[in-house]
Structure formats: C-alpha cells, structure tokens
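Here the structure is laid out as structure tokens; the discussion comes afterwards.
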Amino acid sequence: MTSADSRRSRMLWLGGAALAVAVPLAVAGNRFAAFIVGIVFVHILWTAGMNLLYGYTGLVSMMTAGIAGIGAYVTTNLVMSHGWSFWLAMPVSAVGAAAVGVILGLPALRLRGFYFVLSSLVIQSAVTLVFVYFPQFTNGDTGITQIPHPRLWLPGEGAVELKGAAFEILLGLLAFAGVGIVHLIVRSRMGAFIMAIREDDLLAEELGIDVTRYKVLVFFIGSLLMGVGGAFYASYVGFISPRSFDVLVSLNIWLMVAFGGRGTILGPIIGCIILVPIPFVLQDLYMLKDIFYGLLIIVVTVAMPAGVYGTFLQRRRAREQAAVAALETSRRAAERIAAQ
Amino acid sequence: MAMDPNLLVGISMVTTGLVLGAIFALTAAGVTIVYGCIWLPNAASGQLFLLAPLVLWSFTIGFGIEPVLAALLVLAAGLPLAYLVERLLIRRFYDVPDRNISYFVITLGITQILSGIFSLTWGRWSDQYNVPPLAAGVTFIGPFPLPTNRILALGCALTLLAALFLALRYHRFGRALRAVFQNREAAALRGVDVRRVYLGSFLLGTSVIFAGGLLYSMAYSFDLSVAWSMGIAAFAIMIVGGPGSVLGALVVGMLFGFVQAVVSVFASPTVATLSYLLAMLLILLLRPSGLFAR
Amino acid sequence: MSELLLDARKVEKRFGGIRALRAVDVHQSPGETLGMIGPNGSGKTTFVNVVTGHLAIDAGSIHFAGGPIAGRAPHNITRAGLTRTYQAVRVFGRLTVRENLRTAALSAGDDSLETAEHGRELIRWLNLEQRLGAVAAGLTLFEQRRLELAMRLLLRPKLVMLDEPVGGLSAVEIGRMMALLAELKSRYSLFVIEHTMRVIRELADRVVVLVSGEKIADGRPDDILRDDRVIRHYLGGQRA
Amino acid sequence: MEVRHLKIMLAGAAVVALAAGTAWGEAADPIKVGFVTELTGPWSFSGSSCEAGMRLAEARINGAGGVLKRPLKFLVVDNQTNPTQAVAAARSLDTQEKVLLLSGPTSSDNALAMYGYAEQNQLPFLVPVAAFPQLTKPGTQWTFRLEPDAVGWGYAIAKFIEQKKPGAKVALMYSDFALMRAIAAGVKYQAPLSKLSVSAEIIFPQGSSDATIQATQVRASNPDFIVPIGAGGFDNTIANQLLDLGFKPDQIIHPFGFTTNIIGWGKRSVGSYFGTFFDANLDTVTPEGREFIKDFQAKFNRPPSYIENFCYTTAYVIKEAIEKAGTADRAKFRDALRALKTKEGTSNVPIEFDKNGARKEYIYYMQLTDMDVAKKEYKAKKAFYLEWAPEVIPVYDLVK
C-alpha cells in the first residue's frame, strides 16, 4: 500500500465516520427521515456481515436474517424478562448468535454450491418456525412490542434513554465499525485466503490454506455482525416478530449485497442506501415492494452479476487496461521508428 | 355414536396420509424432473402450486366456468407461461457450469414476485377459496365418512402418478429425458436434442406441479400460506428421495404424507413440518445424493 | 536409503470394486528427480492424489521427510513441504497474476509478495513481471503453467509433484518448459508424471512405471525404456 | 480511488434525505386519522370490510359538515396483515402526516404491534376490531377498544352453553392465532365455573387446511357442543368436516360470524349458532342502522356485519370525542375519549370505556335459520344476549 493510497483511504475512513455522524444530524428535524437513516445503518451492518460471507468467501447463506433474529430475541428476552442491561445483553446475545451461526454454518464445510444454499434456506425456515412456535420466548406470531431503548449513563443526568439523533448516530458508528472490520479483514492475510477459498477451495487447500478454519472464522465474524445488528434493530424499532427475520429478509440482505456489488467494500453500502428506503418512501405502494425486489433479484442475477458498483469498477479497470495497452503500442511504434 | 373411536381415527389417518402423500409425490415429481434434467432447483414450485388453484377459483367462482373445464383451461394456460419463463430466464443459463445456484436465486426472485402479486390480488378473498366440488356428499369407508370429492382427487393423483411413471419409462420422450438425466453429453452424442428435452422437461414439470395444486384445491381448503409450506415440502422430498429421482419423489412423497398424518395424531402438525426440515438437513449432510440416488 | 524424502509403501486405493492402486511402493531421495510413466488410467494421478491427501488412502503407509503424512489434510501436507500441480492447469482464474502469487506468498508465511524470499527473482525467472496485472484466466496455457509453478515455488517446497507439466504445450513451449524444469531440478526435488518420453529421459534420474495400478518397473530411464515388460505393456510400438 | 467513493456515499445520503423530504407533507386543514388496516394478506377480508364500513361513516360525517367545521380525513394504509409493516405504517402516519390518532387494525397481532408504538409515543389509538385482551391491559394510557375482548367471548360462550344444556361436554378446535387462543382461554376458565367439561382441545398451526383427523378425534371424544374457530377458509373446512362426521348443525357454536364467513359455511350449516356484536337480522337495529345496512348492501351487495359496524361506529366515536375535546389535540382527545358516554348509532348499545380503555362488553348469539349462498344472504334469530364488565373474569392474567 503506497503512502498516497494510505492517505486516500484515511480520507475515506474519516469521511465515512463523518457521514455516520453528519447524516443523522442533517435529518434529525424529520423523525421519519431519521428513522429511515437508522434502518439503513442497521442494514449496512447486516450487509457487511453478508458481504464477508457471500461477497468475499463465496458462501451464499440464506439464513442471515435468522441469525440476526436470534440476536434480537435473546437480547430482548434478557432485557425485558430478566432485567439485564442492554449493554450486557447485546454482546452476550451477539456472541450467542455468532456461536449458533458457526454451528448452523457447519453444513458449508461439507456441502458445495447449491446444496449449501439450500441447506441454509432450510435452516432459515426452521429458525422462523422456532420463532413462531415457541411463544414463551418470542410471543409467537404476535411478536414482542414495547421493547425499551437502551439507557446511557451520563455524568450529571444519570441513566438517560438513548433516543432521537443520538441513537441514529450510534447506529451510524456501528455500521461504520462493521464495514471497517470487514475492510481490515479483507486487507489482511485472512482476506487473501478467504478470497482464494471463494475462487477455488480445493486449490486454496493445496496451497496450504486451512479452508475449514477460515470458513468457521468467517461464519463467526459474519454472524456476530448480524447478531449485533439484530439486537440494535429490536431496541431501535421497538417491535419484533418472526416476520421481521424471515426468509424474505435474508433474501433482501442478499439482494442488497448482490445489487450493490458483492466483494467490494462500498457496493453493499450503496445497495442499502438505494434499496432500504424504497418501501418506506413509497408507503402507499408498499405492497409493490416484494414484486419490485423480486424483479431486481432476477435482473441482477441475469444481467448484472457484479452489481452496480462492481460493474462500475469493471468498466474502469477495462478503461485503464485499454489506456495501458495504447501506451504500450505507441511505445513499440516509437521504438520501431527509432530502430530504423 | 356407538363406533370404535380408534378405528375411526385410524381410518382417517390412513385416508389423510394417502391423499396428502399422493399430492406431495406428484408435486415433488414435478420439481425433481426439472432438477434432474435441467439442474434447476425450482424454489418457486410452491407459488406455482398455489397459482393453479387460485386461477381455478377465479374461473369457477368468478366466471362460473364448469370446474373440470376450468381445470383443463388452467393446465393449458400454464404451458405458454412456462414456455415464456424458459425462453426469457432459463434458457440463457443452459451452458453455465454452476447454473443451479443462479437458477435457485432466480426462482427465489420469482417466488417473491408471485407472493407479492397474490397478496395484492387474490389476497382480498383469502377466506373464500372454496372451489366447487366435482362430486358433492360423502362416501362411507367402513364407518368412516370421506368427502367423495377427496376420493376423486386421490384417484386423479394416483392415475397421474402412474401415467407419469409409465411415460418416463416407455415413451420416446421419457427415454430421451432419462438419457439426459444420466449423462447430457452421451445423450447428445446419441442424437438426442438436449435443448428440446430441457424445454420439454420444464413444461412437463411445471404442468405436473400445476396438477398437484389443482388436486390439492379439490381435496382441501387452502390459503396463501400453502405456497411456502408446499415449496419447502417439495424440496425436502426431492432431497431425501434423491434429486432427479422420480421413484424417490413418489416413495418419499407418500412417506411424508403419512408422516404428516401420523404425527398430527400423536404429536401436532407443527412437529410434522419441523420433521421434514430435519430429515432434509440430515440427508443433505449425510447423503446429499439422497436415498434413491440414480 | 536412510534419509528418504518420500517413502510410500504398499499404497492401496479402491474405487468401488476397482483397485486403482495395488500395493504400490515408491521412494525418492532428496535431490533426486523421479519420473512416473504409465498408460492412461494406470493410476499415476490417483497416486499423486493419495500422496497429497486429496484422496483417502485405503491401506499402506506414506512417509514424507521422515514424518507420516497418510491421512493428513491436504493443507497440512502442503505445509510439510509437499506440493503438486494439476494435469489440467489450475489457477485462480478471476484473480490477477499478482493476487495469485500473493496468496501463495502469504500462505507460505511471507508478509507480501514483494518481501517473499526470492519472490522477485522467481517472477523474473518465469518471466511473469509483464503480466502481473493481468487476470489469470486471460493468460496463455504456457503462462498459466509458469504461474502455477511460481505459486508452488513460493511455498518453498521440499518436493514438487508435476502432473504432466508440458501437457498441451507447443513444441517450442515444451522446449522452454524443459529448460525451466532442468534448471529447477538443480534446486528442488521433482516428481514428474509425463507421457512425453523426451521429458522423462532428459529430466528423470529414475523412473517408476505403473500399469493398471501396479508398479511393474523401477530404475534408470534408459534401462526402463529397454525393459521388455514396459515395452509390451506401455510403449508398445512407439519406441522413442 | 477512494476519494470518488466519498462523493458516492454523499450522493446516497442525499437520496435518502431527498426521498424522505418528498414523503414529508406538513399538516393540512382536515383532521387526519391514521387508519392502518389489513387490505392484503390473510386477514384482508376483515380489513377491507372494515374500511368499507368506515368509508360510509366518513362520507356521512363530512356530508354533514365534518367536525369542528373541518373535514375528517381517514388516511388508510395497508399493513399486509404483517405486524412489522403495521408498525412502520403507524410510524410514518405519526411522524409524516401528524395524524390526531391511529385506528384501523382488525387483527390482534397487528393491533398489538401498533399498541406498543402508540403507548411509547403517546399517540391516541382507537382499535375498532381486535379482541386480544392485552390491548387494554392495566396501565394502558393511549389505547381504546370498541370490540369486547376475546377472553370475554369465551366467558359468554360458556354462559350460553350453561343455559342451553347444564353439565354439557364442550370440544374446542382452533387455529393458533392470538385471538383464538384468547377465546379458548376464556371458555376453559369459565367452563368449570359453569359446570361444563372440555372434552377435547385441538390447536391447528397457522396455514392448516385439513381437519379430517382432528375432527375425528373430536368425534371420538363425543361432545355435546363444538366450538370451532378456523382462520379464513379453514373455518369452512372445519365446519363442513364436522358436519360430514355426523354432528348436528345445532351442536356447532361459532364464536363469531360475519357475512362472508357465515356464507362460507354453506347452507348445510343452517341451525348452527354464531356470536356477533351487530347483525342485520337483529330487531334492535335503529333507523340509522337500517340506513347503514341499506347503503352498504347497495354498495357491496351483501349485508354488513359487526366488523363493518364497529368501523362505522369508530368514525362516529372519533367525531364525538373531537367535538367534546373542542380541538384536535392528542392529549385532550384522549381525555375526551376516556370521559365519553354514548350509544352505537346503529343499535343503541351503550359505549363507555373503563380506566384501561376497555369497553363495557356484550355479545349476541344468533342461530342461522336460512341461507341463500348465491345471493350472499342469510337469516338468523337471536338466541342469547349477554352484557358484562370487562374484568368479570381475570382476562389479563388468562392470556399474556
């Protein structure tokens, strides 16, 4: 990484952090816009995890929403039924979700391609059923309502409820941290290895990479991000039901990554920024959301496998290579002339 | 009411298992034919399964068409629809190596579109899906009264299953289909027009799923939630029976039907659903090629 | 015989009813270049797959650099210093040449391709520096074979098993590849599967002949190529 | 490369802000009521019926000059029978449209989801048709409900059976929804007190479509009365499969019946009983009620039932409360609702709320006497009427 590079990326990160704070403040006056921003932030966190799994390691997991749901339900139960502090319950349940994610991810170690996708879909369906049919923890289809906001202890005021722009800023910083973690992983040794696994796990193994270990690691980190996102989603929205974490949600998270550009840092963020607000903004056309998302899934798969940002990058790389080639030929021409 | 309750429950269990099993088997056969041949895992099977009876309901209740005629119309209408899908979405992936993932995701997209359309349109009448019976009244099996319409549905389902099985064994197209099942290249070398077989199998599979849906609506009341549960069940049956194995689909489908019935007597229908998923997961992990691997 | 690099004894591999490897004994000393020949389906690649842990061994023992490796995971065997190439060249097609090489370098424990021990000279020697930015799938077969080789060498292996290293190359390219391998021979122990007798004759210090899973001969190339059984079973008419 | 990305992110942020901006309209002249109901999804039959009833009242009210000389405007939003979507809709109506109050849901699940939002954000919430008790649990501040709670219905069913046949055996069959669980809880609590015994209880998971086995099991338990509650079309299946098994229509007591599902049971169900809170066949219907029935019949060629009536009445309750409050202020409106004492314009049943927003409760049990499926018409006669105080039995402890 050259110094110019590092300066640029430092700028990007500062800018990102600034946005995480600035955007909530900018829309703070309009609670509805602020809420959309908050939800976008939660999705950015979720897609960061999905991107690590699907974008960088090539694991098309369809159970991400289920994992997030586990984080949400466990936190909510610990807080509401056992009087835990959110700040204790959230990490505990996130680690729990991550552990479950690893266990539910084990099929990925045996199953390749479609069979893993299917198994993850089956697991998602089973998790949803569990949410519906164990009302003592989830209150069944009715869902859990009046989930309290976390409380912060401030010098002077004591414990104050976290709400308004402060909450959105916190979510923004979380999303920022989540993306940052994924970025650091991708830049690291592990990043190179998981991308190798994505491209050809047999060859990766032949090159001495412990495929099993890294897949497990990826499931743990990815699920951790999901779990944290779920926990904050629950207390931010104040209501959860099995529908909040069903297979369609998993599918939408996948779509946001694929649509934005899998395996790129910015792609999923763009995906969230474009796709998440749609159902809220088009409140009256809400019922069209499923149809729209469905069409988008097909379009992306058929016409735009690299996603918006991925395609953009490809185009640019093509341009650059063309430029290099042109330079090369002109140089050769010059040499030929010189030779004569 | 001086009749042995256990006997009653027993008979009801068997009949329920039969009807449900036959419909499961039929639908799963439709799914597995397409997967075995084109390598297309149809996640939208449940929605297609539901589409047929919804249209049938509109035809009969809405336009007052004769049920039998309406059912045939639905089946007929399904073909061009399937052809269109094959033409627009399926065909372009025929030579892609990992196409079953792309197919899976695409059909998930179709699922989302269809469920969106359903809740928008038919959703409004979701308490009124009663397709007029072909045959009213009940027939007594020993002491046990069974709606004649349901017996009729069972008959149709078994006939269709038999026909399907024989067609795949002996008919020219069926043999071509099985040849492609076994080995695409070899079949091509032996002069089988692979792409025509692909198209054919997709049309056949879709129609079979439609038929399953129609028979289901003859036998039971239904609502929009049937789609997901049936889609999952069809996959479970396909995986457990062995992807591409019609025999597997038939046997396991029947099995699941009875499991459903037995479990709902001794435990609850909920447990039954979970048991499918568990069975599918175990098979995926222990023997991805399924019990009846070809 | 004391300090053997590779010592495989009575190696058995069955596929259903077929015995793909029948009690095969193969040993190789450090610095030695061993050739393995045999008709198609004689079990050459199967042997490599078993040795490198890609296939489970059914019976027999395999020691590498003094330690048992039979039954160990492929990545551990690679870490032990035993690496192999594939009959059908295998690289990360959608990644650039640099990314391919970097992956290998990092896996070897280096911090980057640049700091990798003799990484630069490897690239220069295999003359890939012009192509570092290119996507691997876009390379010519010869370039891909060189890339494949470079990735293995970055792992600083004790033994490189080459599965038909000149397969599909043009006469000219074969000549170049031979030159490279000849140079490699002086620095690494090689295990070469080949059909092209020229390669075996020029590279191998010793040759093992497999026929339908059975070792029928083991010795110096010239002797082997004169051995009647070998000629009968394998070389047939084509006497090189 | 990354610098360009800053711009992209900024652009994205702009999109969000802009989009939200466009969706953001400032409060207009009419008094706005957020009406979040089930227009699509499994519960849409009751949601769309409810909207139909409400629209008739809205038209009448605004035709007669509105409220405080301002039009009363119902902003109807579909919740897709999906609690998550119901909350999202409530939020946008609250923060975007600045509505005076929320109303509309006809499914307990959705109502409970909105209940949380309303109580947390101090937004008045008048539930027209949702019977889950917890909607008016002790400590409720902002939520009021027109429909009697479902545990109470169960209590009434037991009372009805006790009066029909002392010491009778009752069987319960119901789909696993909050509403159904509540009714069953009420029956099971009151049964022993009314000297009744529950001979069988069968719970169907949502989306069930066949009850052959379960109906047979119930038959085997040989009850005097069956209380079947299926969701949607499944209700018809249960009813018919019970009849197939040789139960007499008058052994079947449907806890509730509204036009579409009564017709769904079919002519063979004539003789069965059903509970309701308003029925076109009642002789207590007022002239206004008759007009409502006539208008509704003309518009939807079927008679309205209690769902439509509750939603029609909801509009008038809102009107009266606003007039009492004298202003469209949320807190004042809430207090006015609390103090309200009035009657249903259509049937003269009294309306008043207790401290938790629960209504003085009542129910009719009607017996089907005739049906014309083609014409979507049925005749029924009153078999039983009961009024009771919301907490005659510990409703809030029976279901959580």
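Quick notes
Every chain is named by a letter (A, B, C and D) in the order it is written, and numbering of its residues begins at 1.
Keep this in mind: contacts are C-beta pairs under 8 Å (C-beta built on N, C-alpha and C of every residue); 3 or more make two chains touch, one makes a residue touch a chain.
These figures come from a predicted structure and were not determined experimentally.
The interface with the greater number of C-beta contacts, when A-D is set against A-B, is A-D. One finds 39 Å separating the Cα centroids of chain A and chain D. Separating the CA-averaged centres of chain C and chain D is a span of 76 Å. Measuring from the averaged C-alpha position of chain A to that of chain B gives a distance of 35 Å. Chain B and chain C have Cα centroids separated by 51 Å. In chain A, the residues that reach two or more other chains under the touch definition are 133, 287. Shared interface positions of chain D, i.e. residues touching 2 or more other chains, are given as 40, 80, 205-206. Multi-chain contact residues of chain B (touching two or more other chains) are listed as 119-120, 270, 273. If you sketch which chains touch which, the pattern fits none of the simple shapes: not an open path, not a single ring, not a star, and not all-to-all. Chain pairs that touch one another are A-B, A-C, A-D, B-D. Only residues 41, 43, 89, 92, 98, 100-102, 104-106, 108-117, 119-120, 228, 232, 235-236, 239, 270, 273-274, 277-278, 280-281, 284-285, 288 of chain B touch chain A when the two sit together in their complex.
The residues of chain C lying in touch with chain A in their complex are 52, 54, 73-75, 78-79, 83-84, 90-95, 99, 102-104, 106-108, 133, 151, 155.
Across the complex, chain A meets chain B through its residues 60, 107, 110-111, 113-115, 117-119, 121-123, 125-126, 129, 133, 247-248, 251, 254, 287-291, 293-298, 301-302.
In the complex of the two chains, the chain A residues touching chain C come out as 189, 192-193, 195-196, 199-200, 202-211, 321, 324. Within the complex formed with chain A, the chain D residues making contact are 1-3, 5-6, 8-10, 12-13, 15-17, 19-24, 40, 77-78, 80, 82-85, 87-89, 91-92, 95-96, 108-109, 112-113, 115-117, 119-120, 132, 176-178, 205-206, 400.
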